[in-house]
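Naming follows writing order (A, B, C and D), and every chain is counted from residue 1.
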Amino acid sequence: MRVLDEGKGPLFMDPDPDKAREFFRSKSRAMVDKRMSVKEAVERFVTDGCYFATGGFGANRIPTAVCHELLRQGRRGLGFSGHTTTHDFQILCAGKVFDRLDAAYIVGLEARGLSPNARRYMQSGEVQVADWSNYALAARLRAAGEGVSYGLTRSMLGTDTFTRSAAKAVECPFTGKTLCAVPALWPDVAAIHVHYADKFGNAVYKGISVADHELSRAAKHLIITTERIVDEAVIRDDPSLTSIPFYMVDAVVEVPHGSYPGNMPYLYFSDEEHLAEWMRVERDPDELERFLDKYIYGVSTFEEYVELCGGAERIEQLRKIELVEQPATPAGQGA
Amino acid sequence: MRVLDEGKGPLFMDPDPDKAREFFRSKSRAMVDKRMSVKEAVERFVTDGCYFATGGFGANRIPTAVCHELLRQGRRGLGFSGHTTTHDFQILCAGKVFDRLDAAYIVGLEARGLSPNARRYMQSGEVQVADWSNYALAARLRAAGEGVSYGLTRSMLGTDTFTRSAAKAVECPFTGKTLCAVPALWPDVAAIHVHYADKFGNAVYKGISVADHELSRAAKHLIITTERIVDEAVIRDDPSLTSIPFYMVDAVVEVPHGSYPGNMPYLYFSDEEHLAEWMRVERDPDELERFLDKYIYGVSTFEEYVELCGGAERIEQLRKIELVEQPATPAGQGA
Amino acid sequence: MAADFNTMELMICVAARYLEDGKTVAVGTGAPCAAAMLAQKTGAPSLVVIFEAGGLAPQLPEMPISVGDSRTFYRAVMAAGMVDAMSTCERGQVDYAFLGGAQIDRFGNINSTCIGEYEKPKVRFPGSGGANDFASFCWNTMIMTVHSKTRFVEKCDFITTPGYLTGAGAREAAGLPEGGPYKIVTDLAVMGFDEKTKAMTIESLHPHVDVDKVQSETGFELLVSDELGCTELPTEEELRILRDEVDPLRLVIGRS
Amino acid sequence: MAADFNTMELMICVAARYLEDGKTVAVGTGAPCAAAMLAQKTGAPSLVVIFEAGGLAPQLPEMPISVGDSRTFYRAVMAAGMVDAMSTCERGQVDYAFLGGAQIDRFGNINSTCIGEYEKPKVRFPGSGGANDFASFCWNTMIMTVHSKTRFVEKCDFITTPGYLTGAGAREAAGLPEGGPYKIVTDLAVMGFDEKTKAMTIESLHPHVDVDKVQSETGFELLVSDELGCTELPTEEELRILRDEVDPLRLVIGRS
């Protein structure tokens, strides 16, 4: 069993499971009321220079309010990772919040095209990057959640993605075959948006889990934003539905429409017009500045932001699209 | 990165992921009607000498009908594994179905005591054994389901459990620390009992998953026994609930009360009187023989077995216990 | 007389025919998803579609905008997660995956990461996403792209996603499972890979296209199959389904 | 005057006091579960109980018969799985675990696998189950058992589950995480482990028991703590709760 090859990308976080254990040993498991505002949650748990991660999938079930708040509080020097990150990434780039990045999918918004500002930021040389595949990042989180120092995948091998990562090619002790070992990743803090949670942090999301099962077990601190807070009894009535147990969670923030302008399964579709507006204003840095002043820096709560974007009426339109009563047409496209 | 130590226990199954991939490449992914009788399922998928595994947890959500059918069809020479196996193990021992065993918890029935016959069989020298911990076995299945050749845990190290397993102690390529590497395990066939499934095999269980997520992704063939078969639309109406996707499944067998005398969450508690009867008759091999003739060899369907044990009336009593309307008293115990 | 169609429609119709019934395909948004949906409505009704974020076998009501949006698990058989979806690929149960990228070389290696110096790139693209995983795990990877010299290059600036790496035997040597590029469908031709050398090979030319034309739009020397064929045109029926049922809003086919 | 109680009641009441409020405990069926339930109803109302098969923080309506039966996730905060439950232990979030076994040695190593030759054992026991994992992962493992020479042995026939292995530094050398045996509660005494040597040490004697008595029932030489204490007896209140609320059917406390 030998190390056959290794990536030369930076390893931002220590994969030592005993250090993580020491942290988790001291993390409270008491079932206490963790409700607070997004402002307080970000103040308490996201410090300059810490390593941050978002749940969901780019513009689907994302913790938008936490991303906005990071800009408002002027956080800098963060580490960041995402399997597919799109609109969340775009927001963080607009605030130059991070300068170390474990990248798997960045700067793009999938079918919507590429973010001009995120590209500018990533092309500026200001960000230290390691590249990974989506699954490699998920495997890193999974290993962390399981309390071991590395995970395994058979991808990445033979490519520059491997070379620019901090993975290692190792020989399997049973078969002699080559596997890609990826170091465990315990983010300092993660934010995940869910459908409902109780005040202790027992949380439920519906639809695909993406890598949130893994992220929620790996993050040292976890901020839950939730469409609504429910009584503990709702959780205990059907524990088969629980996605995240309270002892992983540090903050529970009620944020209705909290994934907006992203999609929230069964509740509202992504606001393609607003996302297109983001892309448009990003072409001109000055215009982006004004846009951010209006929508992020100039408001103090997420509710205000949703109001600016059309409020309840717009949400109702997005609900109809989500329920397939109306088609989801990317703005500026279609016949 | 070195192999530091290795267990000397037998490794019954090849952990080569490319051989498993070749199998899965040829396994059909067509959504076809897989309904059949338990007799047919066992005839088609469980062959003498193959490696078999059960889902659930000993006497909770177990595929009793499949275990009985293995005895009726006289299967011999099987390999077998279970994280905690109790009543399922007891049944298979009564038929001497297996002679190779990956053991984690065997011969006992937890608070109910030890099975006299299972102990006789295990003390006979007829069974080749490797010992593991429960989590190590789950980690072996998880690695298999993920298509890699080994999994990692920090347990087993330093003990005779390690020595009698086929695990290896390896040096982490990132931290230099020692981890326990456990070889992937792809059982030839597994049986899992669920709450409901459609005819294609999309299956839903409620309550704890034990290691059935991992087992269902690792098994090359999978027999689902189900309390009831539902329309495909029931599955598609809420895909967040699905536990097992159809493409893992080979047979769908409707077996109401199929975990009996084991517990089925939300439906019926374990029949402690019948389980105590098993333990009692096992003290005398002749009596056990007569017992098996009556309850297993002498019946042709699982329904007949449930009838012999009290049928609908007994199930209704167990339902009340399950719903905590009556206490669950182990037979022969209590005030 | 042949139907009228644009090159996007042509590529989608051609790609769809390679998807066999009863198989599994991992798709992204856009053209690949359209090809999979078209296949389901034509020759491969029980083709199983898988999305990397967790959507398994949805009944897609329309084209998804994201591979993680609600459409990707609309009336799915399971709304799983990325680990479950990717594990299905890694253990060998996914037959096809569609990939895209900015550059592709003769061995089907793909660049979707950057142009220029890595640390301070001239152009930064999204990176692997799930592409590297799909190309490593799935049995056959497919690419749909327009054919141009800037895209079909002698050497990728960055190999994001493995094709056959440096040629025959290289995937095995690197430790990758069996698999690799299968078909590349462009606006000019369909290319496969030579069995012996794993180099890109023209297998079928689209109408009014000759080998020289394809070669002139390619930055490396292409092989030509001994059984070079002529691409079968989209049928009226395929086009009708594609236009009326798969992409009525022309989100994908309107882009051509 | 002290209340009347049997040794099982004594052990459960004593063990329960070691479980701090706001901590997590992994339990099995029987006495450990009774101790955890008693702790929840006395000094540790927010003690979190975890079962290896996946039950997280249930509101136990009565004693489970199996660590995987419905009671273990009755009105739980989550009905998870074994990997989730064990991972919670492995990443360091579980403070206590209760273990049992047929033999235990001076370093708290436990045998629950077999007596005699492994291949054809004189007696085969269940094996590890989740015990090896709990003892490897959890910060403090606890044992409740009757005290006898056949149980407290010089050398286990088989080390199923790690205590401190061969003594100080041995866990670390084997690669096990920090953790290990914490308290052993028997019908005679409470024992801990010497900080330096990790050898079993009498910390507290039950009423009417002296060191000689404990030593005479032990197959190896015990250390005696400099601060040897006398076990505090179960209070009337503890006994009332144990008998009326925790185990009204006397499933566990009736066994003594």
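Things to note:
The rule is simple: a contact is a pair of C-beta atoms (placed from the backbone, for glycine too) under 8 Å apart; a residue touches a chain by one contact, two chains touch by 3 or more.
Because the structure is a prediction, the values reported are computed rather than measured.
Annotation: 37 Å between the Cα-based centres of subunit A and subunit B. Between subunit A and subunit D the centroid-to-centroid distance comes to 40 Å (mean Cα coordinates, whole Å). Taking the mean of the C-alpha atoms as each chain's centre, subunit C and subunit D sit 57 Å apart.
Listed for subunit B are residues 17-18, 146-148, 153-154, 177, 179, 206-207, 239-240, each touching two or more other chains. The set of subunit D residues touching two or more other chains comprises 73, 79-80, 83, 90, 137, 177. Chain contacts in this assembly follow no simple pattern; the graph is neither a line, a ring, a star nor complete. A list of each chain pair in contact follows: A-B, A-C, A-D, B-C, B-D. If you check the complex, the residues on subunit A that touch subunit B are 1-3, 6, 11, 15-18, 143, 146-154, 168, 170-175, 177, 179, 181, 183-184, 206-207, 239-240. Contacts from subunit B toward subunit D in the complex involve residues 4, 56-60, 83-84, 86, 103-108, 110-112, 114, 119, 122-125, 129, 131-136, 138-139, 142, 153-161, 164, 169, 177-180, 206-214, 263, 265-266, 269-270, 272, 322, 324, 327-330, 333-335. Subunit C meets subunit A in the complex at residues 28-30, 51-55, 61-62, 64-74, 79-83, 86, 90, 109, 113, 118-133, 135-137, 158-162, 165, 170-171, 173-177, 248-251, 254-255. Note for the complex: subunit B touches subunit C at residues 17-18, 20-25, 27-31, 144-148, 200, 202, 217, 235-237, 239-240, 242, 245-247. Within the complex formed with subunit A, the residues of subunit D that make contact are 21-24, 46, 48, 56-59, 73, 75-80, 83-84, 87-93, 95, 137, 139, 177-178.
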